[in-house]
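Each of the next two complexes has subunit A plus one other chain: subunit B in the first, subunit C in the second.
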Partner chain A sequence: MVMKNPKLAQGTRRKLVPLQVLVPVVSTVIALGIGLLIIAATGASVVEAIEAFWDGMAGSDFNIGASINRAISLALVGLGFIFASRANLTNVGGEGQIAMGGMFATAAALHGAGGLPLGLAFIVPLAVGTVAGAVWGGLAGFLKAARGTNEVISTLLLSFIALPLVYWSVESFHLLRKPISDVSSLPESAEIPDSTKLPLLFPDNGSPLHIGLLIAAIAVVVVWLVLKHSTLGLRLRAVGLNATASRRAGMRTSFYVILAMTVSGGLGGLGGAIMILGQQFYLTSDFSSGYGFDGLVVGLLSRGSAVGVVIGALLFGFLRSGSINMEISAHVPSAVVLICQGLIVIVIAASALLTNRTVTR
Partner chain B sequence: MIDEHMPVFIGSGLRLAVPIIFAATGEMLSERAGVLNLSLDGMMLMSAFTAALASWATGSPLIGVAAGVLVATAVAGAQAVLSVTLRANQLVVGIGFNILALGSTTFLYREIFGPLSRDPIPGFAQLNLPWLVHIPVIGPALANQTGLAYVSILMVVVTWLILKYTSFGLAVRAVGEDPRAADKAGISVARTRYLGVLYAGILAGLGGAFMSVADSNTFTENMTKGAGYLAITAVIFGGWNPWYTLAACLLFGFATALQFLVPALQLDVPVALLLLLPYLLALVAIAGFVGKSRQPSALTIPFERGG
Partner chain C sequence: MALLELSGLTKRFGAFTALDDISLLIERGEVHCLLGENGAGKSTLCNLVFGVHRPDAGTMTLGGEPFDPRGPAEALQRGVVMVHQHFSLVPNMTVAENLMLGRASAVLKPQDIIVRMEQLAAEYGLEIDPEARIDELSVGERQRVEIIKCLLGDPQLLVLDEPTAVLQPDEIDALLAICRQVALRGKSVILVTHKLGEISRVADRTTVLRQGRIIETVAMEGADIRSLVRSMVGRDVQSAGSVLAAAVDIEGKTPAKSSSVGPTSPGEAVLQISDLVYRDPHGVPRLDGLSLTVGTGEIVGIAGVEGNGQSELGLILAGLAAPSAGAIVVGGTQVTGCTPQEITDAGVGIVPEDRHAVACIKELSVAENLYLGAIGKFSRFGLLDKSARRKAAETMMRDFDVRASSPDVSMASLSGGNQQKAVLARELSLDPLVFLLAAQPTRGLDVGAIEAVYNRIRAARDDGLGVLLISSELEELMAVSDRIAVIYRGKLVGELAAGSFSREAIGAMMSGHAHV
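Presenting the complex of A and B:
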């Protein structure tokens, strides 16, 4: 019986591939179920909590817009994550890249960009923020290429360096802190000029949804094309799979390592710039709080697919908005959602053995 | 001017260093066995909360510490199952546990204590060791510590002895450098790594419990504020050596305490620079610009027999 049973082979293949999709979906559903159980255990009304959750996510044009705006930055960080992971690099420094992007975008918006014509008023700060994030990510790439430094540790450390820098910039009057003559003297920057704020997509219905959505959509398509349908994507993959073989094949592996981390960081920086220019309008020391890890989780959940990043970012954007409203109206601590997120990450990491095996064979 | 602030500065520097010393010492041993626990911060946070809760419920800080250590060890056990047996990505699992720890402690704290509770919980008293007070300059700061602070130094000595003089220590080093050879020599890679991770859990638990029942006598949301990451940084900066790691922890503790000293001395140094200093030093160290520190060869790499 040497002949294989084609029916069986086909059947197993058809069963195995969707595991990539099945695992994130099942673990998300289980985690959300556990979240509901926890809410029920506190004695709060589950129905009321779900209602408040739903209201916060999508109860009005404003809430939908706010949720999607949240998802935009998460998607960009997630895209950065999968771009780097294509070269087998793990960028866990999204938080720092967002922070640098947001800080430099604020600086550009406050100092000079406001008077520029033709939309350059917001394009320049976006570009400046992207470059800042790219430098921060590229630094980790450089250390990896030049010194062999583990990029997980270096991106993490770079995040812990970036956050105090933002704190410094809003604490110091020489830097970005608004003058004390204002009514409040909180450590935050002045509001950016109106011309530097991202234009709204639907200015008439009160939705805060802005053109960041289009920027993110373009980024999704570009990253998808580069990773799946370009020589660059193939080379990144080759370098990630076997650096030595790639080098023998004539590729400059250092270049691709630095490039992957630079692009990855740049997407995070763009996400940070969009947060400031699109919704927050002034810099605070903890404006990036939680976005880096959320974006990282989005990247992980997507298993390297740009479409997966979009789905994950929307999921987390809506979850976050819902959880905030749930805390306000139904008095259920929003930390429940953190518990769910943590569980999702752990379960997906735990099942990597299962899914990776079925993919490679 | 400096004289009056010095004892306070040294005292707070030491107190800030103790949790990091605990966590980093345990983490160092685990990393020598090849497992990096990014979940260290989560273990500490869970322990800090559990210790506060148990101490508050029973009135005994000792029971608090025991409960905290137990919970941190349980988290470590879960981390070990995932990263050793299931060969999951150690870093991803660690981040997952940290998110879970932040979520669950914040949630439980609000449910049990209420959102703005600052009620002090039963904690340890400072020992005021009479024979230490008389040392010039550092004496008062050294003497006015809780018993747990001295335990942290004891654990550094114990860990050093384990690594250097016991067969388990030899196994740890072998498994971290060349798991395949260790396996061929009859050492169980999985068992050694499990024990290493659990050891890290116990010490992280002590560090977390120190924060709530010995240092501040209260629990606050996210009270570790990244101390676990700082501990991992100290291990890297200390080149995976117990004594250098201890030195790195002390350096980080004093660097953090500088943010209280500098304003008191009316120096114009941005606090932010002091906050990022430990991480910058660690980045410089890990990039290999300072001395020669080499990480265990099999760090973060799962072991698969015969694969």
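Presenting the complex of A and C:
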């Protein structure tokens, strides 16, 4: 008899690789495998597609830099998500918070910040974008604390408000739309002044990698410290787990709900500001295109861990770069990668049922 | 021939064995009590019989035929009915409407139900107005509706899970009489309880469960109550202790008071409640001009049937609800409508009645729960000093005999008794502390833990604290309090001093029948 005891095998494996790591990795591999099958089904050359995909992700210093730049914004939104979820709040409004952050950062960069000295030229727009996102998130927190409005609904609906606001701002000449110079002028803002663009980390080798990486790294460390080791993190957790008991223990529960959503939204707003100041340089109506929802997925996949957010953001950042190139060079629809992302989420969600199964009495 | 025969029943939940090799006969026409502490497996056993769970091993027969219900519906079909601890009645419908639910065919015939209700009233003394709305009824009356619902189909076996926990004394008497009537008509009754007084009054036989096993089954004629307690607990409880007296409570005698209880002359007032009014969100007055004073070094008990304002009083004292009118002063400080933090700062410790919803956060560790109100105490620059907190928690756990493998295990992994000891530890370690509210402090605890809680409360009193004890257990109040005030419909309707406690007098006041 060579039949293995599956329970035993699982038991030993659990010791070697923690399930929290194993599950996302296996999910990703499975999803990518299915993605390859779909590519084959579209009739494109799989080899060519993979080459184009790899080239787009990491084929050159430029591509690596672009991938990491994408990951930066995703990481910030993901950090915002896990920050709110520590207080048992689900911020699905990353898209709107990015939009507000990007829009106000653009406005600040175009109107006044450009002439500031000592790096303030880009720091001020970043701060303005962060505050805009924080207000947008904090609004949902306030509604939750004051009226009990479900934050999933309010953050989602606030996104549906924020996106048309961006559209409006780039459509209106008296707001952010650049003057029409010829018939092909698109509804978008003027390019922000050079002084407000984020400084590059390696200006000599053509990599677009900018100091947003350092900002995101600091954010990762701070969020990790706060959630894991600070009194604030414990209070957020307590309020999220049991608001009544926390109130009895003397905590101002409303304050922590609003704070959690404000910080969460602020991180999203910062992500939006970095997108504009770091790489796009001008505002378009759809500049946030899906980053908020990808960031939400990054937050979900990380299972509340800041390190998990970094891994997830890099994964999604590289996937996105690869998929764009795959579409351009190999004519494989980038939707295939979106399908893969969706599959990763579904597989992980399904496997969560396995790993989270507890003894129920 | 026995009506119900259980042989070798085993039920596991994950790694936890709730029932282990249970074999038992239930005879026709007997009232069979299941006695055991919390977690002994009583409810699980009932749920197996009623088809809520299915056994992992073993078989059942009912009336000689194999019985393996796949769900309550099948059990009902075979004539097995159950009254759960939590009622399943629709509050804004009438009694008759509720009785028609679940058995309504396409055409509703209210008249049939009313005729049947009259029959049941005549047979068992189960009188109730068919037109009354459920939310107008008392808890005892609602339970009566549940029982009527069960008896409508003329069942063979009636299972009652802790039916007396929510009742006042005269309602308990009525319920026990109904059980006897049901048994006299050849049906069988399984009655789950942990109150020995009831067992000695109604049971034909009693089966004692402990940790999922049957310890013994005894006929009640000539049985020794004290030996039942020993089987239930598995050790000798301090035999003269008030716990045993409270638990035994044979035939309503006042339990012997232990020597530590005595009216040390109470000092100045630490808690003064005057004309407290509380209206719930629907405008219904739950507290209606309640006034009360608790002095230093005394334990004041609040007796009352549940739902007469005790819970609201507890919430207001904890700062979780704001009174509509009235004033609360603790040690000279006005705390009316103050936040929980301000109330804590005034020197008030609170043991809330709902341990899981209010007193602790079960997902957090024991140490985190012990310092839930003082998270900032062990921190530097906003970062937690977990090792210092662990050390302090270990000391506190030792002092208060909180048994857990480490301060870092989750609160949920502790037994109810140890959770409650942890809550007491936290609240009694407050500084300053002049007053303690203990609301239903022993609810759901086993006998050993109850003893520990009583001792802590008495020690707090001896240290000069004023203690307010809210409890639905009369025996508990009589064993621990220096003074008992009775609450009825949001008002205190009478008060008895130590030495003059009498079950009958308190019971009458609890039901609003008499004033002293």
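Everything below uses one rule, namely that the second predicted complex is superposed on the first by the 335 of 361 C-alpha atoms of A that agree within 3 Å, B and C clash if a C-alpha of one lies under 4 Å from a C-alpha of the other, contacts with A are read in each partner's own complex, and residues count from 1 in each chain.
Here is the rule we use: a residue touches a chain if its C-beta (ideal position, glycine included) is under 8 Å from a C-beta of that chain, and two chains touch if they have at least 3 such contacts.
If you're wondering where the values come from, they're calculated on a predicted model, not measured in any experiment.
For the composite obtained by overlaying on subunit A, subunit B and subunit C can both be accommodated side by side without a clash.
A simple residue count on subunit A separates subunit B from subunit C, and the partner touching more is B.
In the superposed model, A:186 makes contact with neither subunit B nor subunit C.
Of the two partner chains, subunit C is the only one that A:244 touches; subunit B does not reach it. In the superposed model, A:154 lies in contact with subunit B only, and not with subunit C.
Rounded to the nearest 10, the angle made at the CA centre of subunit A by the CA centres of subunit B and subunit C in the overlaid structures is 70 degrees. Once the two complexes are laid over each other on the shared chain, residue contacts for A:22 go to neither subunit B nor subunit C. Residue contacts after overlaying the shared chain place A:221 against neither subunit B nor subunit C.
By the document's definition of touching, of the two partners only subunit C reaches A:235; subunit B does not. Minimum C-alpha separation, subunit B to subunit C, in the superposed model: 6 Å. Annotation: subunit A has no residue touching subunit B in one complex and subunit C in the other. By the touch criterion stated above, subunit B contacts subunit A in their complex at residues 82, 86-89, 91-93, 95-104, 106-107, 110-111, 226, 229, 232-233, 236, 270-273, 275-276, 279-280, 282-283, 286-289, 295, 300. If you check the complex, the residues on subunit C that touch subunit A are 13-16, 18, 318-320, 339-341, 344, 350, 352, 357-361, 363-364, 368, 372-373, 375-376, 379, 382-384, 386. By the touch criterion stated above, subunit A contacts subunit C in their complex at residues 225, 229-232, 234-235, 237-238, 241-242, 244-250, 359-361. Within the complex formed with subunit B, the subunit A residues making contact are 38, 42, 90, 92, 143, 147-150, 152-154, 156-158, 160-161, 163-165, 167-168, 171-172, 293, 296-297, 300, 333, 335-346, 348-350, 352-353.
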